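Dropping the structures in below, format is structure tokens.
In what comes next, subunit A is part of two complexes: it sits with subunit B in the first one and with subunit C in the second one.
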Partner chain A sequence: MTVNLMIDGLACEAAPGQHVLDVARQNGVEIPTLCHHEALAGQACCRLCVVEIEEASGSRDVVVSCTYPAKEGLKVSTNSEQVRRLRRTVLTLLAERAPLAEGALPAYCQEYGVTGYDLRFTVDKDEKCILCGLCTKACAELGNSAIETTLRGVDKQVAPPFDEPPAACIGCASCAEVCPTGAIACEDADGVRTIWEKEFELLRCEACGKPFATAEELAWLKERLLDTELNLAYCPSCRGKMSLKDLT
Partner chain B sequence: MSAKRTILVCCDTGCIASGSKAVVTALKEQLALAAAAGVAGAAATDATVEPLVKQTGCHGFCGYGPVVKVMPDDISYYRVKPKDAAAIIESLGGEPVERLLYRDDAGQRVTGREENPFYSSQKKLALRNVGELDPELLDDALSRGVYESLKKALTMTPEEIISQVERSGIRGRGGAGFPAGRKWRIAAGYNNNPKYVILNGDEGDPGAFMDRSMLEGDPHSVLEGVAICAVAVGATDAYLYIRDEYTTALRTMKQAILDAEAAGILGDSVLGSDKQLRVQVVRGGGAFVCGESSAMIASIEGAVGEPRAKYIRSTQEGLWGQPTVLNNVETFINIPLIIANGGDWYAQTGTDKSKGTKVFALVGKIKRSGLIEVPMGTTLREIIFDIGGGIPGNRRFKAIQTGGPSGGCLPDSLLDVPVDFDTLLEYGSMMGSGGMIVMDERTCMVETARYYVEFLARECCGKCVPCREGLRWLLDILTRICEGEGEFADLEILEGICETMTLASRCALGKTAANPVITTLRYFHDEYEEHITHKRCPAGVCRMGVAP
Partner chain C sequence: MILAQEKLTELLQAYPPERQHTLAVFQDIQKECGYLPKEHIVAAADYLKVPLSQAYAMATFYHTFSLTPRGKHVIKVCDGTACHIKDSKGVLQSLERLLGVGLGGTDADGLFTIETVACLGCCALAPAMQIGEEYYGNLTDEIIAEVIADYRRREAGEVVA
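Take a look at the complex of A and B:
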């Protein structure tokens, strides 16, 4: 079963309930996002992906495309003057919050002509975090919940419990990987990974010799993958090559 | 006259604060003395009919507490002190105690509520029993007909119940004004069990106490409304989510549930029928945002009370993913009346699109403050000047703030607009759950906006950007203006942020949080200009740091 909707005048097909953002991207319509991650859907907090919609019933609204479900007869406008204006304000707010953010945020700012940060509103000139929550969600999905968002309102922040190096952290760096703004410091040097003020020894791949994972991460994997034949002594890329060899 | 008399003493928070418990003790002591001596009042005429002293919920006229009412004579006394107890007992059946009566605007002493301008234009539907019974006694409730509507509902089909609620036109009293009947019909239409009913008793608006007064003053009518809803939509479990600071309400509701269960009204068999209903009290999570329905559901599930991101109604996917009806306390307490008298009867009161009455907490710079209930469509002027008696000290009215922290401030040019859901929205404010704060000429509107923004900046969940960062900027800019550091360019920034918050925030908190700023910019722009151009606060509230 599919539903038919229009995105910027383009007829699109979607599975019912599929999010408008995904349908748009499948059809080559670009919508900017910061807190969206395919594996960790549903954050819906940056609000950058706003679009205007008109339902089949004629009612109009402004919604975020990353969580709005596709419906029969829906008309979506992803780039109207109002949408662009809302995005500019969101980008300005974020740029001011996190002046040192890397990656997509400064790129979007440029695209949308958001310049001239009014630094009166900057609380922390070194801030990179936009509080998208992807890091804490990734950590929670892996079952560790080593970091969390604490406090509410304008004081909300991401931090390990009690602001101490987090006991539950296994050094897997998933949080740093999903972070869209490079806000989580993670450094691998001389066989040691430093993240959240904790140091982890990096184990070397028995085949290629490259450091690839922390001991804690492998122990964690082992516990969860009891029955698999995965050889955890090798890094993922060597493991891939080996299974290919085994097959041929 | 030897009719049985009841002396109702308000023992709600306001009157307790002004000493009503001591009045109860004194009244009881005096009664005992009079009975022993065989003199005084009714006790003298008929020793077998001893007057009863009852502790009740809020009588509404909180600014004049402790309030004492003698029934059936309908004599109300105000600002009663323990030393007045003897006079009151002595007067029973005779002339009222003149000096304790209310003096109306013309200086006349009035005995009954009908002659008291604070009460005379009110219409008590939701508050029908509040102040009239002892909330701790199930028998009191039963003698006033509570649970008769539940009995009746059990003889009706769910369809009949829901269609009566629809016909009544009642809209949710917690803020958004969604038609309750429609909400129930949607939930009833799903077949996946279990279904849940949630009562929203979080009442996070600072200064509001409408819902508390009902929970504390008439707990069984609240339960009756919840039970009728459960029967109508096919729910077997109900949760009463009550603000954590409301210790009395929490205790009263827990006791009411136990009493109703012991009497066979709730529990495994609702009034002997094949329906069952378990009711539990849940203590609120302590943040304003927990009053938002999806945050409340998360909070009941044990998660952090943050509004959810999904575009889906809780009637379809609510508590633990099941169909859920969530209504406000005042919405529920009206339901038994609708079932008893019919939807059409209820719809006779109110306006075209807002039916029935609304309870408000009328506070601020007003002569007669307290808890009031008026038909929808009553004008602001009637509320402020007829019921509230106007502004004390011959000062000028400046604004009325309605709708809680994210409501708006309306100026005197709008005093004649009718108070209903749609009209308030049209002018940039909202009904909210019913807070009304009157402000006089000594109130600075920029500072007022700043105050609400500060509250919301602390109380929002902080999850989405427009609300969290927007509120931070609004607070920053408004603070600067109040300190005399504002610039005209700031007003444009304010407007841009307000638009983005209103349209792009994730939940209704962020979508409405800019209202205090939007309405003060709209109706009191000159005050902003004064602050910015002349570094002067017209109300004399803000200290500007520079010499005037």
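Take a look at the complex of A and C:
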């Protein structure tokens, strides 16, 4: 069963309940996002993916496309003047919160003509984090729930318990990997990974010899994949070239 | 004050080891200790099977929990709309003069800590404050001085007895 909707005048088919953002991207319509990650969907936090919609009933609204379900007869406008104006406001606020954010945020600011932030609203001039929560979600799902958002209101931040190097951290760096603004420092140098003020020795891939994972990460994986016969000592790149027989 | 292992175990085991009881456990710990000691947060997270990061996030999210030791009596000065208009700032200044310590601080005797709350829910008594389970309303400098003196007399009496 599928539903039919229009995105920017383009007729699209979608599974019922599929999110408008995903439908748009499948059909080549680009919508900007910061807090969206395919593997960790449903954050709906950065609000950059706002779109205008008109339901089949004729009612109109502005919604975040990353969590809005596709419906029969829905008309979506992803780049109207109102949408662009809203995105400028969102970008201004995010850029003021995190003046040193790297990557997509400054790029979108440029694209949308957001310049000269009002530093009256900037809490910390060195801030890179927009508090989207992707890192804590990644840590909970892929890692070991080592970090969380702590405190609240203007003091809210992403941090390990008691602001100490987190005992639960396995050094998988999923948090740094998904961060859209480069706010989590993770350095691999001389076979040692430093993250959250903790140091991990990096193990070398048994095939290519490149450092690729921490011992803690592999031990944690083994524990989760209880009955696995798989040899985890190969890096993802080498693993991809091997047959299942080579890996067991 | 850190609880003895036996006492802590008893406190924790009053609840099933499920995450939904985290806040209740924290409230009990704070009632006993006056704050949430780090080792008790760790023990509670372990018992309730909640990741420490999430337990810590909860402990820091709620204004009612303190992670640092507080005075024997916590004075909560109401700074809700009604009290604010009725000069809650004057109440704070009065307490500061009497205790020699400002908002968030604990006096030299370790007897009082001064905090504010958004609303005590007794706006007809504005300006108001709460000490422990007691409410004090229609505050003036004189009333505040008398209340503090009363607590100090009682403490002194306890020490003598």
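Going forward, the second predicted complex is superposed on the first by the 242 of 248 C-alpha atoms of A that agree within 3 Å, B and C clash if a C-alpha of one lies under 4 Å from a C-alpha of the other, contacts with A are read in each partner's own complex, and residues count from 1 in each chain.
Here is the rule we use: a residue touches a chain if its C-beta (ideal position, glycine included) is under 8 Å from a C-beta of that chain, and two chains touch if they have at least 3 such contacts.
As the structure is a computational prediction, the values presented were derived from the model and not from experiment.
Colleague: Does the superposition put A:Leu151 against subunit B (first), subunit C (second), both, or neither?
Modeller: both
Colleague: Figure out whether A:Ala56 sits in contact with subunit B (first) or subunit C (second), or with both, or with neither.
Modeller: A:Ala56: touches no partner chain.
Colleague: So, does A:Pro166 touch the first partner subunit B, the second partner subunit C, both, or neither?
Modeller: Second partner only.
Colleague: Subunit A residues in contact: does subunit B have more, or subunit C?
Modeller: B
Colleague: Pick one for A:Arg47: touches subunit B only (first), subunit C only (second), both, or neither.
Modeller: first
Colleague: Considering only touches as defined above, state whether A:Ala233 meets subunit B (first), subunit C (second), both or neither.
Modeller: neither
Colleague: Where does A:Leu86 make contact in the superposed view: on subunit B (first), on subunit C (second), on both, or on neither?
Modeller: After superposing on A, A:Leu86 lies in contact with subunit B but is clear of subunit C.
Colleague: On subunit A, which stretch or stretches are contacted by subunit B in one complex as well as by subunit C in the other?
Modeller: Shared contact residues on subunit A (touching subunit B in one complex, subunit C in the other): 149, 151-152.
Colleague: Which residues of subunit B touch subunit A in their complex?
Modeller: 287, 289, 309-311, 456-466, 468-473, 475-476, 493, 496-497, 499-500, 503-506
Colleague: Residue numbers of subunit A touching subunit B in their complex, please.
Modeller: Going through subunit A, the ones touching subunit B are 42-48, 50, 62-64, 67-69, 82, 85-86, 89-90, 93-94, 96-97, 118, 120-121, 123, 130-131, 133, 149, 151-156.
Colleague: Please give the residue numbers of subunit A that touch subunit C in the complex, ascending.
Modeller: 136, 139-140, 144-152, 160-162, 166-168
Colleague: What residues of subunit C sit close enough to touch subunit A in their complex?
Modeller: Touch list, subunit C to subunit A: 38, 41, 51-57, 60-61.
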